[in-house]
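In what follows, chain A forms one complex with chain B and a second complex with chain C.
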Partner chain A sequence: MIEMRAFSFRYAGADRDALSNLNMTVDDGDFIGVIGPSGAGKTTLTQALSGLVPHRRSGDFFGSVTVNGLDTVNSSLTELALHVGSVFQDIDSQMIAGQVEDEILFGLENFGVDRAEIPRRVDKALADIGISPLRHRTIDSLSGGQKQKVAIAAILALRPKILVLDEPTGELDPGASEQIFRLLRRMNETHGMTVIVVEQKIMLLSAYAKKLAVLNDGVLELFGPVREVLRHSARLEEIGVHCPRVATLSNRLADLTGGALAVDLDEAEALVRGLLP
Partner chain B sequence: MIQFENVTLTYGGAAAVRDLNFTVAPGEFVAVIGANGAGKTTVSKLMNGLLKPTSGRVLLDGVPTTALRTSVLARKIGFLFQNPDRQLCKPTIREEIAFGLALTGRKDAAARTEAVLREFGFDGSRDPFSASRGERQRIALASLIAVEPEVLILDEPTTGLDYRECMAMMARVQSLNAAGTTVVMVCHDMELVLDFARRTLVLKDGTLLLDGETRSVFRNTDVLRRASVLPPQITRLSLRLGDRLQPADTVEEMEAAIRAARQKGVPA
Partner chain C sequence: MKGFLDYKPGDTVLHRLDPLTKIFLSVCICAACFLGEEPAFLVFLIGCDLLLGALGGVFDRAVGMFKGLLKLSIFLFVLQLLFVRSGVPLVGQPPFAITDLGVLTGLRLVLRLIGATMPLALLLSVTQMSDLSGVLVQRLHVPYKYAFTLTTAIRFIPVFANALSAIMEAQTARGVAFDTKNPFKKLGLILPLCMPLLISSVSRIHDTAAAAEMRGFTLRTRESQSRRYTFQSGDLVAALIAAALVAAGVLL
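For the complex of A and B:
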């Protein structure tokens, strides 16, 4: 469980808060999509969960962030890393090894996982992500989607209870993006892993996340189940968050439907058929 | 005018694109779509002369790209990379914009630089790399626009941008197009293609599967399936509803069609 209480952070030298008075509880097993315009504080939020804020970013920290009972200010990054696995926006900066297998071994050895246990963990992480055939490939030879999967596998091998990803599909095409989200869903559903993912593609979040957190100018504007948040399509557009077009359509037809919301094609088709004579 | 005549390009024995034939007329707004590896980026690089055909010819205003000097190509064609950091190379925004102009040897480079800085509202003394991703993309675009190219090629122009930055970028591109600049856009976002491109080319495995008016392309479900491309959401909804409703591709059109159908009380 993650709890943020009156949490604010202001980077050293900045004239306003990157995040301002956040109150947010994330339950175990939740799948949260974080969306908002650039500069809204999305990356700061992910770094507050991994502890990089405040341990590696200087600034003023107010309120509290606790992860599975650990106060992030009073816990070391290593301690936090056992609970929260982070996949950064720029995965190239995260990759350390030259080869896929080494990349996964690196984290395991660094975190002092029992030597006898390591080979099993590597096998399992590669298999879970479906990249066993890439095991002996060099990182340089991989596509963007494959690299992203390796970065996720390396984190999963550490078995964190919470997985935090910052725009994992930013550079990926629609097919590869969908694969990453299917993978996140599987980790969430079958391993009960809590997933928090920053993502600009609202259609992916609508299809895969359970809840949406909308950040704007450092403020948590909306936070709730996907359907509830998507009802506010006019407000979302104002903030600069694009709704799936079927959701916007259903909101515009609210006078005819009594406010029924369609978040995907199947729902939209049923809704429109019901309106036609 | 860009002409592809039987253009084939092979890398190490494998064809990246095969026997491409099409013409882009001045002032068009054309999207190039297809799955990864379909040859979209190869096509865009053939257009600006970064790649030369193995066989066939790419002609710019009637002259093969192989016969054009780089400075001439740079003046005619602006190429916006997916990642602006591949393009930006100077310590200030002013120098960045002046750099592209200097390459084309324009006499009015200094005045033009200041005009573009004003137009985009940039502080010319800033370091481009201290700007956000969206701003860096705008700086890269500004340095291309400064040269006033006849053709603007955009490779996934909105990658990494939020919705508002994306719309601001596209509004700028659209106004250039309205003023006569030819735009060719390689793009994965089909809603962007629908909203901005009047014509769309569909590639698969390096061959041209379909070339047509964007909206009719999106209704050719067989070809799109073969190309592993999903049409925009409202078009898909419209296709599912079939004869029950007037064809609609945008939210506004679909809302109007639904309301019209209800008023008439009979299927449209």
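For the complex of A and C:
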């Protein structure tokens, strides 16, 4: 479980809080999508969960962030890493090894995964992300999207209890983005992994996340089940988050007829058919 | 600099050598360069370097390095000609003569520079850094922290060289004349880029260190390495050749 209580963080030299008075509880097995305009504090939020804030980012930290009972201020990055696996936005800086296979092996060896188990974990992580053919490629020879997949595979191989991803599909095409989100859902449903993912593609979050957290100017504007949050499509538009069109349409219809919210095309079709005489 | 020290994947005889053997071989060639006095032997050692490049599938890179070092060598050779006063004058009159000893000293200097610089860079470009740190930890019992630091530093050389190239290409596209043939003008254009490159490099190293720590770097022990390294017959042959080169250097 993750708990943030009155959490605020201001980067050194900044004139305003990157995150301000955040109160949020994430239960085990949750799948949270984090969304918001640029500069809303999304990356700071993920870094607070992984411990980079405050251990590697200087600034003023107020309140508390606990991850599975560990206070992130008092726990080292490595202690937190036993619970939280993180995929950063800047993929290049996350690459430690020179070759794809070594990149996956690095964490597995460090965390003392059984030697007999390691090859299976590597095979599975590569296959799950669909990058088995890249196994012996050098990292420098990969495209941005391929590196992104390697970074995700390296973290998934560790099977953390909590997975935090900052725009994991930023350099991926729509098909590959869907593939990553399907995999995240599988890890969430079959392994009970808590997933917190920052993403700009709200359609993906609507389809796969259980809850949405909307940040704006460092403040948690909305937090709750996806349907509940998408009900506020007018407010979302105001702060620069574009709702899925079906949600916007069904919200307008709901205002007129009191109908339910639709978050995908099938639901929208059913909604409209229901309204037709 | 682009491509310098980049790992070249492959399955050549050099790729299959144990990383320690490769280090031993390159150290022996360096030692032979400094032990040998005969210019013909030093030329032979440069030939060995080029042969290593061919055997490792990095002949183009070896030739590129050779050409680059040759340019620097011409400058150093001329300096030797101008500053060595002893020996029999060949051209001009003392005190402004070029002497036979000046030519020989200059020749030895440049041949040694070329012969000794190439092998380590060539052999590192056919060695995975993870394998290098692996053998340093397993065989030489170097603490992983230091082995990782060394191999990461080596790995970052081409990364930063590529970053500099990318900046220069971007600047060239915006009209800055980085493609000038005048080396002094080019140096003048590169110098202002050094500070931002240094700052971004430090920032990247900082982030990579955090990423390593978040993947259990501090928990790693000598036993963590899952790969095991063993010497093969090829390693013995390479070690014998290396020892023979050192012996020849002592004799010649």
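As a working rule, the second predicted complex is superposed on the first by the 247 of 277 C-alpha atoms of A that agree within 3 Å, B and C clash if a C-alpha of one lies under 4 Å from a C-alpha of the other, contacts with A are read in each partner's own complex, and residues count from 1 in each chain.
One rule holds in what follows: contacts are C-beta pairs under 8 Å (C-beta built on N, C-alpha and C of every residue); 3 or more make two chains touch, one makes a residue touch a chain.
Being a predicted model, the structure only gives us computed values, none of them experimental.
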Chain C versus chain B on the shared chain A, clash or fit after superposition: fit
Contacts of A:Val241 with chain B and chain C, given as first, second, both or neither: first
Which superposed partner A:Leu158 touches (first chain B, second chain C, both, neither): second
Which superposed partner A:Gln200 touches (first chain B, second chain C, both, neither): first
First (chain B), second (chain C), both or neither touched by A:Leu253: first
First, second, both or neither for A:Thr43, with chain B first and chain C second: neither
First, second, both or neither for A:Ile118, with chain B first and chain C second: second
Shortest CA-CA distance in Å separating chain B from chain C in the superposed model: 5
Chain B/chain C common contact set on chain A: none
Of all residues in chain A, those that touch chain C in their complex: 50-52, 55-56, 76-78, 80-82, 86, 88, 90, 92-99, 102, 105-112, 115, 118, 136-138, 140, 154, 158
Of chain C, residues touching chain A in the complex: 6-7, 9, 128-130, 152, 155, 158-159, 162, 204, 206-208, 210-220, 224-226
In the complex, chain B residues that touch chain A: 35-36, 82-83, 132-134, 159-165, 188, 191, 228, 230, 232-234, 236-237, 240-241, 244-245, 250-251, 254-255, 258, 261-262, 264-267
Chain B-facing residues of chain A, complex: 36-39, 143, 167, 170-171, 173-176, 200, 203, 240-242, 244-246, 248-249, 252-253, 256, 265, 268-269, 272-273, 275-277
